[in-house]
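Chains: A, B, C and D, in written order; residue numbering restarts at 1 for each.
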Amino acid sequence: MSFFGEKIKLTVFGESHGEAIGAVLYGVPAGFEIDNDEILLQMARRAPGKDKTATSRLEKDFPVIKSGVLNGVTTGAPIAVVIENTNTRSGDYSNLLTTPRPAHSDYTAYVKYGGHNDIRGGGHFSGRLTAPIVFAGALLRQILAKRGIKIAAHIASIGGVSDESFNPVSIDDALLDRLSGESFALIDREREEPMRAAVEAARLDGDSVGGIVECAVTGMPVGVGGPLFDGIEGRIAQAVFGIPAVKGVEFGLGFRCADVRGSENNDAFEYVGGKVVTKTNNAGGVLGGISDGMPIIFRAAFKPTPSIAREQDTVDLSGGSNSKLTVKGRHDPCVVPRAVSVVEAAAAIAVFDLM
Amino acid sequence: MSFFGEKIKLTVFGESHGEAIGAVLYGVPAGFEIDNDEILLQMARRAPGKDKTATSRLEKDFPVIKSGVLNGVTTGAPIAVVIENTNTRSGDYSNLLTTPRPAHSDYTAYVKYGGHNDIRGGGHFSGRLTAPIVFAGALLRQILAKRGIKIAAHIASIGGVSDESFNPVSIDDALLDRLSGESFALIDREREEPMRAAVEAARLDGDSVGGIVECAVTGMPVGVGGPLFDGIEGRIAQAVFGIPAVKGVEFGLGFRCADVRGSENNDAFEYVGGKVVTKTNNAGGVLGGISDGMPIIFRAAFKPTPSIAREQDTVDLSGGSNSKLTVKGRHDPCVVPRAVSVVEAAAAIAVFDLM
Amino acid sequence: MSFFGEKIKLTVFGESHGEAIGAVLYGVPAGFEIDNDEILLQMARRAPGKDKTATSRLEKDFPVIKSGVLNGVTTGAPIAVVIENTNTRSGDYSNLLTTPRPAHSDYTAYVKYGGHNDIRGGGHFSGRLTAPIVFAGALLRQILAKRGIKIAAHIASIGGVSDESFNPVSIDDALLDRLSGESFALIDREREEPMRAAVEAARLDGDSVGGIVECAVTGMPVGVGGPLFDGIEGRIAQAVFGIPAVKGVEFGLGFRCADVRGSENNDAFEYVGGKVVTKTNNAGGVLGGISDGMPIIFRAAFKPTPSIAREQDTVDLSGGSNSKLTVKGRHDPCVVPRAVSVVEAAAAIAVFDLM
Amino acid sequence: MSFFGEKIKLTVFGESHGEAIGAVLYGVPAGFEIDNDEILLQMARRAPGKDKTATSRLEKDFPVIKSGVLNGVTTGAPIAVVIENTNTRSGDYSNLLTTPRPAHSDYTAYVKYGGHNDIRGGGHFSGRLTAPIVFAGALLRQILAKRGIKIAAHIASIGGVSDESFNPVSIDDALLDRLSGESFALIDREREEPMRAAVEAARLDGDSVGGIVECAVTGMPVGVGGPLFDGIEGRIAQAVFGIPAVKGVEFGLGFRCADVRGSENNDAFEYVGGKVVTKTNNAGGVLGGISDGMPIIFRAAFKPTPSIAREQDTVDLSGGSNSKLTVKGRHDPCVVPRAVSVVEAAAAIAVFDLM
């Protein structure tokens, strides 16, 4: 459900063109002083409208905290946040209820909810619903940071152009700090131009591109997680697959495991400075579902934005016939740059819930 | 935790060399007549010892149903199954508590449980714990089959040798029936020999190989699943990452999304025989977290068996010093063939829970 | 947590003198047309200020639906409701953080949240938090009513003055309809005057009184609920104990069971009009945790309002010394009349969740 | 479901005359050395056959631990316990499937499970299922005892004969230790004879009696529990209502609240020995759903044993006609003495889960 967690409970609500979106986050300890500017920064990284990779729809996305915080300090009660929807142009979507956009949730939601779903802007399935997720993650990562745990992600690939990968055994705090402040987060800043070029080329073609986000969690204590269905991988994956457009999640070597042998893949242990570490980190920081103290590194694959300017084949559910559709409105040709902060947020939520 | 489900509740218990392993499955409807032979067939597909890709340890793995079934018919009460452990050679593992095997859970479990975990054979983290998961999945897939839902998987890749992929828009029932009876499940049976050769080559090198399992779920009604954290992808991923050695899960195009454009990736709708279908199935049967009626297709990456015959670098936790380790005992050079039925079981559990 | 449900998920948020209170309700089926007037009626029954049994604080308590409802019809997405707090006089409560009011949560919340809880008006522990519970219950009981299930309660006892009890084997729909519209709900309307007299006498003494609410659920199909921890009694009890001031819950004969024999207590079965019924209903409609088709009848005991006008002994947590306290502000000398609609709401939430 | 807990997960399985009953308990910390004798003592307190208040059926009830414990010490893995069923006389119950026993689950289970439930001995609804609950509680209370938390109960009332009540503000450890070792637990041992006489009188009449169990939890730290649906009362009530035959649960003054005023009911705070205590304990140790450091005291009402020797009116579901039934087999005329250890176990499970 639109709901996550065992120890914390995160409920996300709202519809893209409804009155508001928001979230309720339960389980945040009392007495934590929130850095509001940092939360707004994270929300700004997700917000659209900053450049040509993003939709030109201007959202204010200002999160109003309705409960659980008094004088900037958490009270221990559930934290409710409401983001009013403004600047919606609902007329853009009027024909979509019975003419589903390919690769969107229009058709499946229509069947599941018997046509009663709010189709405007994708309704509850809109990427806009990631704003309250980023709010929750931005808050929880502040608490994690106080415990020495840092989370940051970068654009690993867009439209075939790749960034460098994290060094799996040694990630500098300064790098994570830099990435988690960027709106187009890259390890190698030289890759921005060719990535933007790939996005712009797609846009000019009336098309869109997908990509991959790579995320690192450092400072994890050894021993978090558990066996079988309680493993870190499953919990992070559940959170990350909760982000619209994610179609794959892998840890460490991930799918490349199929092409290596055990002698290459196994991460040998050694003592360094009195601490047990691994010489490599193909496991992505997780052994037997439990953190091993190395950076947790995972990658999430995002499909290309489904809303493209070209005419597409679809059906007319009202008439039971085939049809054509040209999606109007303003849409990102690539969601990946904005998705970086959402992936970080999902990681923060899952990691916090595990601790 | 060693626990899965919202509508059903599956609890898995046991340790590799303890008295027994087993599971309790709650939420199975009353009045279903179980096909025991089919359950035993599925468990046999997972069981080791049939050929050189598997450990030579002989397990009887006979599941004794202790409750919830009367005269072969479910009663509606929780179904408890116990598989007694026999033929264990615990002496093989005596030094492992403080000399953790690389790429195993030994080190992380040691820290998490303060050294009180049962290290013998990996304890609760052993791949042997997948036997009760296969039992639960084999039972639930029988109920799903009565509702027209079929599940089968095959070895997509081992040690660099690939099988054909499922045809994403049209999967024959006969193929699924054949695959779900095979112990070395392949779409193209010609690939068995080169795959076995790759495994054998690794074994002769004292090494191991990983691989990929591809799974299809057909006959899904439209409208199962939900938005955000209630999506099908997240729930299946949580179940599949619960299988030891899984390091990646992807749906439809998955990580290849990063290299295609929206116009290629979007699955156009059309009416065929009065039914809405998609012309392609890059979504893997899931839109907005909800089934669209096309086959659900996902892939799971398995790391190479961590237990290899070669000497490896590790640490001596008792002495705080670096050490060497040669893993003794009998181990699969490749778990992938046996993992096929486990992936199917995890899919069955997740899908049943969603419905 | 401030959270209830298995099939539905109800999250309640807010603090008495914070910005707002509210709830998110997930799991409401799509396509249900909400009767807003009926919801407002139920909320008005709970709201204070209508007579001398209630606090003179005027609350507007207007529930603004932020999501999940489009043109008055549910969309299937989570329903978020926000009730802005107005007319708060926070100055009244300034000394309470370290001078806890007896029989309130002040002391326990202070310890649990390290003094960071919002103490104003009881914060998240305020009876005011029952307003969103009534909203959720009022919505869900409309859906239940469409399925033939009716819920109503009455004041069984206040300050030693009792109402008649429900006839356990035969409850007229007209009675339930009447009760669920009353703000001082009584089967025998003649009891209102002596009950109000008891409350007024306590008020004039600077004191308060407790009471009992009896609730009936009719039209339940046979077979809802389950064994052991899944029984109807436990689920309703968990919801009802979630109402502040409830100290006891009993079903059917309840505590009187201790004084009767099996031959008196057992409800004999018989066929009436082709339907199985019981001749008596000492079980309160529940056998083995499962509904038997008879009215579900339970009673909830409410303690006297803890805020009384008299000086009371307490402690000064800042100084570590004993102290005296006179609670200022406006308080109900008896919450029971207003609690009737809250008990109905809790029953509706629990029953809906079980179905 | 047959399932309890948030932090721990307890799953209970089995049917009275099936192959076995048992439980899986997840969430027990590693490294705890179990006192098996103490567990067996608690199970013996619940077991029948010791005197005329109990059924003459002899159960061995020996709990075999299948996992999660190594050399008597918990490993952190789920603890599975299996109790084989022996000495069952299934022939006794053959006509019950369509001739439901009044006040039993026969009718409701028949409808819920479509007649597929195991009716023998009540199946999954049997009081016998409390044996694994006692096992789980007996284990968890040992861990609680190490943290200074003691739990014991006594027979507050049977067939109209009452025991003394706990002194709510001061309960001697020695008393709790004595009670938790008794099979007919009483504060005032002089009450045993008249209670047994009341039971025996009922038995000679072919009848049965109900009663009340009062339970105390001492040593609770301040601050356990939470607001609204997370309160201690609701969680304990859910666990205790999970015990078959419980029809009421109350805390502190409970239903007597209706007859007292706030000035009597409010528990004044004071410092004693530098510690905050209350002068009275009408709250039963819980304020705002959170422990206040005073003993948690609650009472559970048990209905009279439904199986009585007299002929009773019932229905013949196969014929759709009224019928008569004389319940054969061996049955307790009063379950209350045996229920004492079950109530303690339910309290231990709920309290452990809250911490």
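As a convention for this text, a residue touches a chain if its C-beta (ideal position, glycine included) is under 8 Å from a C-beta of that chain, and two chains touch if they have at least 3 such contacts.
These numbers come from a predicted model, not from an experiment.
Asks: Mind listing the chains that sit against chain B and also against chain C?
Replies: Looking at chain C and chain B together, the chains touching each of them are A, D.
Asks: Quick check for the class: compute each chain's Cα centroid; which one is farthest from the centroid of chain B?
Replies: C
Asks: Taking the mean of the CA coordinates per chain, how far is chain A from chain B in Å?
Replies: Result: the chain centres lie 26 Å from each other.
Asks: Per the centroid of Cα atoms for each chain, what is the distance between chain A and chain D, given in Å?
Replies: Chain centroid spacing, chain A to chain D, equals 46 Å.
Asks: Let me have the rounded angstrom distance from the C-alpha centre of chain A over to the C-alpha centre of chain C, please.
Replies: Whole-Å distance between the two chain centres: 39.
Asks: Find every residue in chain C that makes contact with two or more other chains and list them.
Replies: In chain C, 1-3, 12, 77, 109, 112, 124, 227 touch at least two other chains.
Asks: If we count contacts the way the header does, which residues on chain B are in touch with chain D in the complex?
Replies: Result: residues 1-3, 9, 11-15, 18-22, 24, 26-27, 30-31, 64-68, 70, 73-80, 82, 109, 112-114, 116-118, 123-124 of chain B touch chain D.
Asks: What residues of chain A sit close enough to touch chain B in their complex?
Replies: 1-4, 10, 12, 100, 102-105, 107-109, 111-112, 122, 124-125, 129, 133, 157-160, 202, 205-212, 222-231, 233-235, 237-242, 244, 246-271, 274, 276, 278-279, 282-284, 287-292, 299, 301-308, 310, 312-315, 317, 320-322
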